[in-house]
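Going in written order, the chains are labelled A, B, C and D, and every chain counts its residues from 1.
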């Protein structure tokens, strides 16, 4: 059964060419879409690290990111931006990847603080992942430890500008180079690492299959695939 | 491709089910999670799941010089960093026998209270947001930001001040600083009635928080609850008064209490502490100009600094409760062992797990925010 | 209980309270970033003019965020303590704690008020920044967190050295400097930031950071071990070294440099002579190579070479014309600066390793160079500068016009001479100070008062002698006059020397930088003195080489020409020490090591 | 306060053998006690001397002695003083008794010590992993675990090579000392 599937993967058709819009009207339409997109973004409400402490000021009246059209959103399914605020412990990184994969495309990742770049001040720590962009593609980095709300807003504006000009497409990299990202994830979490989201199928759907999408790591993914099961929590009866 | 692998999820035969609550959840303070077992929306069992913010601080500190750790310690509790810095500095001062100049002690008290005000504003803002009241959150956080402005002016950093080093503080007050701080206190004091109107006596909040997460005095003592959460059960216990450090022994302040022991009482204690902290800050502003002198005693070259062998246990009252550092030195250039006892390590784990049982699912957020649990303190 | 009445039910009109807020302004800040506070900790700026590349910031950085980068084109000068390296900051690590600023010995590093930097994933290289005065994006931002007196983590003040009072010390030749106590030494050693500038600037590259660290750790054996890695004359160098290390010391940029010389002295004095000998013998090979080396001159250079060679298993014999070893350090340096027993201790370490010294054996008189050539595989000449130069001014051939070298040797040997009741010293170097202060002591002992005048060509801003020497000499009653050139000695009708006439100096060097002093003829002064001492430099007496050898050798303006390793043009002959490098103990030691390595490798072939 | 404490401590000394007592300051007392006697001591402290608040339990690793030091910090709200009870247990097998019956907060600290040091507490209600659920290495707080070496082996660093550095390298300059070369 597994072997058959593996062959199936290899025989997948090459990724289709991204559709080109030659019609000038369509291009104007694209512009408009991007403009609207850049001015209406939902930021996932997930405080992954200490940099999150500067997000409430940025969100609330003093720095007011709502005037940019950015609002917190509680579910990943409706969020556009994932802010990785600072260090990511390995345990959190799993949740970040799960969350990221759940977010609908186009999605944007902002890496805040030093820690997302090169480990930051926890570079010696056995518990934190060091280079975020090895695990998920990042659109914008904001420097600081932690960055002030003004810097966060500057970063968000940079992202908006990228989206408006059509450059904010780091999310495509995740599909195009899925094998690379998965490989790094597997290195950290072990070979059995699985996520409930079928990224390969999504890559097909978006037409973003490249020769980098599949590779040895995705093979491993298929090999170790286990049927989805209800998550079992280990709860013990506790007597008061 | 994937659907063919799907298997039907076996539902338990009763209404009982298990739910992962957090870490990515607006009702969770910080990055923290619960696994809860529910019957309907009634919590049968809750189990804290931490470690999302674990960085191995205690291990990291063993690998760094004594002075380098001053940059590390404030990160252990993000909303209220100053007690961390002061507590660590106090421990080293005890080990080295350093005499902190009086002026530095007053400046430290000033920061501690500023930090407490900021943390309490943040806490009630967060609690308001989970109650569905966004205006108090906006107000609390915006007013906290004004304190951060003063911190920035004093220490050069908005959130991570890295300002207290063993032996004293790193800078003297800027010109006219106390005047501006005094102005800020006037403003904050004028805001207190607004907060009361909007939040603390607002029936929407009062009825939501009353009798949620109630603990008795005996339970609180048994569970190791400290700080405002303990005082909300009617016990006037405060490290600042019982185990005075710095110049707290010479300051006049009340230790406010409430009798209820519920989420409402805990918030009201914090509200009263805002008032007390402002009161303390005013005393500092009055006294500080009279106290001249250095702001730091001489300390050795950081690269050649061996702290004498020994151990010290220092306690500080943070906005969350009793914060303690246990520092062991073997006479080397780096700490041999640093243990951080964050107040939330009780509140966010055992206390929350117990208070949640029997409450409703939506109360978990209420309880967590009313306990002002700070996950990074737990995870460290 | 607080007085908050949460139990009141409120009123339906409560929302009307909102009206009170109608008049309030918005708290919202403009979208553009605000200016940060006056001591904000933003991105780094570094003043490249001030920065010396000492890498102290790198050591204190808790996040390993600082990389030292070599920048070609920047000045690099080990003697001044400047490296052409600058710190580069990794903003993927930095936590903006500002410890690097607080510890920066020069005060070049600061944090600016700039705090916004964003980039895309492929531009992440922009997180690795080489800070310069312009900041990360090349826009000017005012400085934020800067060096301040309060926050300075560098201890700028040196531990005071206990010295004899001038009144006390003038009466005798006892050592002036008391040396550090244990506690003082540890505190002084703790000031070191281990930048290694001293190591780079030292002619023999002593491992000063290592031994200072060892002193701080209380491990004095280790300190001595580190010292003996490069310098067998450590008692001497701990007292009279010209200490280029302290000139280069990065702490000295803004404060007192670490007292490296005194620390070395402390380490040497604290360890017993026997233990020093044991430590010095570590690493000596336990076999003999069967090669024999002759060293002429038991001064620092010759003995250092002998020390190295004997540790490599060669048999070394040192020929010394005088009756004791030490060369100029014994016969040129007065006892109040360098007690003879310490010098003896240094020599004893070397002899204990098996170096044989033949005293009172003058090559050229008692033994010839030809004999040495036949008897030994290699010969090293380390003669030193034992002949004083003369000013050749009118009257300088008078018997009471003496050379400082000769006089100092006589004082050391206890030879009797007529102590003049007044004297004039020509010269402004340390030797001039030595002879002036020695004479002052003798005068005090003989007449109870000091009448010594020193006239120097240089002005005080460019003085050659160490400032402490000048200060101490003055305290001892020596009169020092700067910018005065000698015109002639005044001799009265009876042929008695009466004093020296000097002229004011206009300039010392001509426009090409050559030594050609010009004088102001109208500014003439007379300095009375029954003795005039010339302390203007020394030269080597190479007569012992013999005519044949002198012809074989290559010469450069009267100096023996040697290659970089001290090898002369004659294959079996090497030369080292002051006669090659000029007068300085530590240079001589460095030269001794260099030439020993050369001899060793030649003998091994 | 001090007087009472002294009287009480005298009584205590009579009841437990092998106890060492040192007053560090007016509010800090250090007691060294053998591992068998510690539960008794804590029971007495709690039951008779009002030390009801367990502030923390600290574990200190002394690999050279082959021991773990456990420090129980208990605070008395009445006498307003802190007693730190030190005891040492053998590193191998690293098993000790839980004091959960006496002090409930001990559950958290014991669980934490179990995760971080691998000391098992018999009778503790919960020895499951809490923080390091996704960690399968050795207990990280033990001295022999070298976090920095682990990190360098496990993770890769951001490879910076900015333009300015390329230019400098062309001119003959470049990186001379990396931070990892001079770890202090």
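Just so we're on the same page, contacts are C-beta pairs under 8 Å (C-beta built on N, C-alpha and C of every residue); 3 or more make two chains touch, one makes a residue touch a chain.
From a predicted model like this one, the values you see are computed outputs, not experimental measurements.
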**Asked** Which chains lie in contact with each of subunit B and subunit C?
**Response** A, D
**Prompt:** If you tally the C-beta contacts for A-B and for A-D, which one comes out higher?
**Reply:** A-B
**Asked** Any idea how many Å lie between the Cα centroids of subunit A and subunit B?
**Response** 31
**Message:** With centres defined as the mean C-alpha position, give me the subunit A-subunit D separation in Å.
**Reply:** 38
**subunit A and subunit C: spacing of chain centres that average the CA atoms, whole Å** = 59
**Message:** Please tell me the distance, in whole Å, between the geometric centres of subunit C and subunit D computed from their C-alpha atoms.
**Reply:** 49
**Message:** Two or more other chains touching the same residue: where does that happen in subunit A?
**Reply:** 61-62, 91, 117-119, 121, 123-127, 145, 148, 234, 236, 238
**Prompt:** In subunit D, what residues contact two or more other chains?
**Reply:** 132-134, 140, 145, 147-148, 158, 184
**Request:** Scan subunit C for residues touching two or more other chains and write them down.
**Result:** 27, 36, 59-60, 62-65, 90, 92-93, 95-96, 124, 127
**Prompt:** Can you list the residues on subunit A that touch subunit D in the complex?
**Reply:** 90-91, 94, 117-119, 123-127, 129-131, 134, 188-189, 234, 236, 238
**Complete:** subunit C contacts subunit D in the complex at 55, 58-61, 64-73, 84-85, 88, 90, 92-93, 124-128, 130
**Fill in**
In their shared complex, subunit C is touched by residues of subunit D numbered 158, 160-165, 168, 171-180, 182-184
**Prompt:** subunit C touches which residues of subunit A in the complex?
**Reply:** 61-64, 67-68, 114-121, 123, 133, 137-145, 147-148, 150-151, 153-155, 157-158, 162, 167, 170
**Complete:** Given the complex, residues on subunit B that touch subunit A span 1-2, 5-7, 9-10, 18, 20, 23-26, 30-31, 35, 37, 45, 47, 51-56, 59-60, 63, 71-72, 75, 78-79, 122, 125-126, 137-139, 141-142, 144-145, 148, 158-160, 353-354, 357, 376, 379
